[in-house]
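There are two complexes below, and they share subunit A, which is joined by subunit B in the first and by subunit C in the second.
Let's turn to the complex of A and B:
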């Protein structure tokens, strides 16, 4: 779920907003609260490139994404092969729109596990609603350096069974409160996905991971890189942006 | 006719010119296919290419134009084939009423999808419950059934939001003055189920087509639609009922990759026919998909039309496909075809 959150951050780009007050958190809950405060902010608009790569080849897609708060996101693909395809996420719904078929698809149940546009990110990874602390029990396992930066290593244990990733580990930058690395595990302890953020920039006072690599480790040589080319935060967005009308426009 | 279509499209796109001030993005799709068709006593070789230019306006938030031109050329055993189409030529205009209510209007040749269903959709009173004719192998090159239907119509439509997840849509199909059709639909959610009700009147045969469709999730994704055809000839409407239903389950094996199972059924009371559409897809890689699908008509004369295919995307925009299809009609000649295709989108 944590990785899920992190990936959502990259996708919607909204997320890593940082109240960048340096300093040491008093306990692990504070660290996670700072992480969430850093990634959830009012509004954002981002232009990104997603590159899917595995042993069979590679494919690049470009997209524009909008987000408002934790629950509302709209992605529109702008690359030629997928132009006009959109994904709408609200607190309780995920809808897809295929412009050539003029078709609105509502995703539920097992369909949420489908890969988004053939990437290592599933639609399930985009679902939100609860905070990390609502979903997981967290434990501070120590400090480690990631890419030369001091991080807290925090483990997440799901409080309930119906979460995408029952166990996760995150390495959270001690200054930026951004997850520089994350691992997601199945209930049986098998590692499912890995995420690294190898470029973090400050935008409008917020620390945002501008380049992330997500790997489905069960798929050989498979990775998805999401790179933010341009991002605006705190911009005004129309009230009806996250609706079926905008999705099918 | 094509010339008229292009002229109308040009007029439609130019009509809003001064107001649009829009940029244009283009998408070019090039397909090349080589086909071998075998029937008893005859084997045909065919090669053909298809080019599609798709122009879409951007930059104006409230006006959109789209013009799609498609040309198909090829040879079937030495005979030249050429076809030019304008699948889409549309202008859409959205206006804001009050603070945030945004009805919109569409004019031109476009596509509306009503009801629920991939291949079979009894609620699609505009395009029909099933595509006309057999599915061509080249049309099956997509890794899933999503793109099996691509019909467009000349139409005028209005879309009126009722909330974030509900709306009313009105349409008039205007292709032929003798075949004008008009109707509307309302879509929303009832108890968590995506629900749609609609109606279409066709002037050509003075027929009324009310329908209902629904989509939900219970262990697996399910969807269905039902429509009646009501005429003044005294035939009970139920004798012209059409029903469709489908279910989809997707999974992801840690080692083997993603897979999906889909089954659809279509029943026509008038023709007393039942058709089935099973489909299995398997994606061992993010860029490779294999599928097996088919149509089965288990009527008085059983007919089975299976298809097996593979779609591989080795590079951005490039897709290689290999599809094999066959037809086994009871009491008639069997046939088989293999299509190797390459598509580049840029």
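Let's turn to the complex of A and C:
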């Protein structure tokens, strides 16, 4: 089972709906539980735009994403260049569907580090699995202001080695329980990725990051912005939506 | 002069073992250098042939900025309006043949492995006379591929490098899906069927090459009417008339890369493109130096044997001097001996070197294991090629060096007084 990452958390918060659990954090574990609770929900459907900026310019891809619970999600690209391409995440695996290919592609292992559509988001960032508290030891580093908002600065240190990001730091909004900023590091302490959520909106009682900027520090002059344009939560979804049969339909 | 030559022959015959040793030293050095130069010549010809067939053509046309970002495989920096460019190039009298190619980097995902591939869109009908790709097919046939298009099972027939088949564990007719980057910076994937297997001469190409009809790769990479490059073979007569640079300039005009509304294209003759071949040209100077070192080593053997001759023949030298042979005549005598030994040694070495080169040139030298994973435009099997000019040059050089190495020790003997030499025990 793949370990869950902060990028995944943030990304799926952005791409899907989340359910906020009311209450007030008592300690750092509570803060992280509240952060996690913000994204655990029944079902969601979101229409998003992903803008990838690199040294050659910028390009947009549009997508519709569906999610159910913690482990099931489906992204379908709708922009002309990628129309019909799909990414299915089940509990343990990621499958890619390309209309021009006669077979599904199952990603695992090192292949998960591939970039999704040349963006700063890797398929590894989408993988599901354990909760943050299962994967990381967490420490409250203090409080800081991000974009004028009060946040808890929380550091995450992986409990095991087979984790995409052995160390992370997140700045979690004290009111919304949304990570407004995150940094992911390699085992040797090298910064790998940065994420900021610069627009957070309340939808159906949930605080959802509607615009996120992700930057793979190893890719020079590159950043990816994911913006949710429309989101619905708690809607009925077909049972077979997240199946392999449906994927290649 | 005739007396000196007679004496020299007689002296050579008197001590055959010593003479043979000297000749063998010269012969071995000459043989080694002739073979080395034949090997290098074979390597250069092979590399030039591979470059022209598979990499650059004689003239390469591509986007003017591609070279700046080549390490990133910038697909968007392509040859646009491909049909117009091709038509323009093909109507030039300097053009013998032209082929468009579109190569996109990709990968096959197997278990948890990412296996790198290179999907190249080609016009097979143009490629057959250009690169002779049909001669490289070792399994299957190009007919199914040139028939073109999708088959019923949604797979695209492809020509696959033989090592690709091994790396993916495929048999002829099996299919595999490659995920590639597109010209729009996204990704796409297509399933190919190994309709034919080619044994590309270049190891690095054989490991990754998947050749597919151009229009399929244009669709896969979202690059309609585009190619990564257009490669041109020049008309021999035009090259003779205009020179390589002049013919290349004419091709640039045909491609529309010249003038106020020029397409953003770079048109280069292959000899000016930075490839391993250019490195080989530089390396040739190093090999020439290595050859010189070889000769100097052989010369030390000759000097040594000549010195031994001198010491062994002091009494004889003294006698000859006492009988009235001048110093100059003595020098000529020993020089003539060395020249004869050098001539026949070099001749024997030349014959052996050329003979070995010709035999190995037929059989070939297989470097498959050594070249595996190495990205050089060189074939796995190399065939030495005898270069007449360099071989004759090596012979002359070998002869001259070996003849003149006798000069200094010979001069030394002229300083020996006859009485001293005759007293010598």
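The definition used in the following text is that the second predicted complex is superposed on the first by the 224 of 249 C-alpha atoms of A that agree within 3 Å, B and C clash if a C-alpha of one lies under 4 Å from a C-alpha of the other, contacts with A are read in each partner's own complex, and residues count from 1 in each chain.
As a convention for this text, contacts are C-beta pairs under 8 Å (C-beta built on N, C-alpha and C of every residue); 3 or more make two chains touch, one makes a residue touch a chain.
Since the structure is predicted, the reported quantities are computational estimates derived from the model, not experimental observations.
Once the two complexes are overlaid through subunit A, subunit B and subunit C clash, as defined at the top of the document. When both complexes are overlaid on chain A, the residue A:240 reaches subunit B alone and has no touch with subunit C. In the superposed model, A:85 makes contact with subunit C only, not with subunit B. Ranking subunit B and subunit C by residues of subunit A touched puts B first. After overlaying the two complexes on the shared chain, residue contacts for A:108 are found with subunit B and with subunit C alike. When both complexes are overlaid on chain A, the residue A:93 reaches subunit B alone and has no touch with subunit C.
Contacts of A:219 after superposition: subunit B is touched, whereas subunit C is not reached. Once the two complexes are overlaid on the shared chain, A:120 sits against subunit B while remaining clear of subunit C. Within the superposed three-chain model, A:54 lies in touch with subunit B and with subunit C [touch as defined at top].
Across the options 57-65, 93-101 or 129-137, subunit B meets subunit C in a clash only at 129-137, per the superposition defined above. Residues 52, 54, 56, 59, 61, 81, 98, 100-103, 106, 108-111, 114, 118 of subunit A are contacted both by subunit B in one complex and by subunit C in the other.
Subunit A meets subunit C in the complex at residues 52, 54, 56, 59, 61, 81-82, 85, 96, 98, 100-103, 105-111, 114, 116-118.
Subunit C contributes residues 69, 74, 76, 107, 109, 111-114, 153-155, 175, 177, 179, 181-182, 184-191, 219-220, 222 to its touches with subunit A in the complex.
Residue ranges of subunit A in contact with subunit B, taken from their complex: 52, 54-61, 79-81, 83-84, 90, 93, 98, 100-103, 106, 108-111, 113-115, 118-120, 122, 186, 190, 192, 218-219, 222, 224, 238-240, 242-245, 248-249.
Subunit B contributes residues 25, 27-28, 56, 64, 92, 94, 99-100, 102, 104, 110-113, 146-147, 149-150, 159, 161, 163-167, 194, 215-217, 219-221, 248-252, 254-255, 257-258, 260, 283, 285-288, 312-317, 345-346 to its touches with subunit A in the complex.
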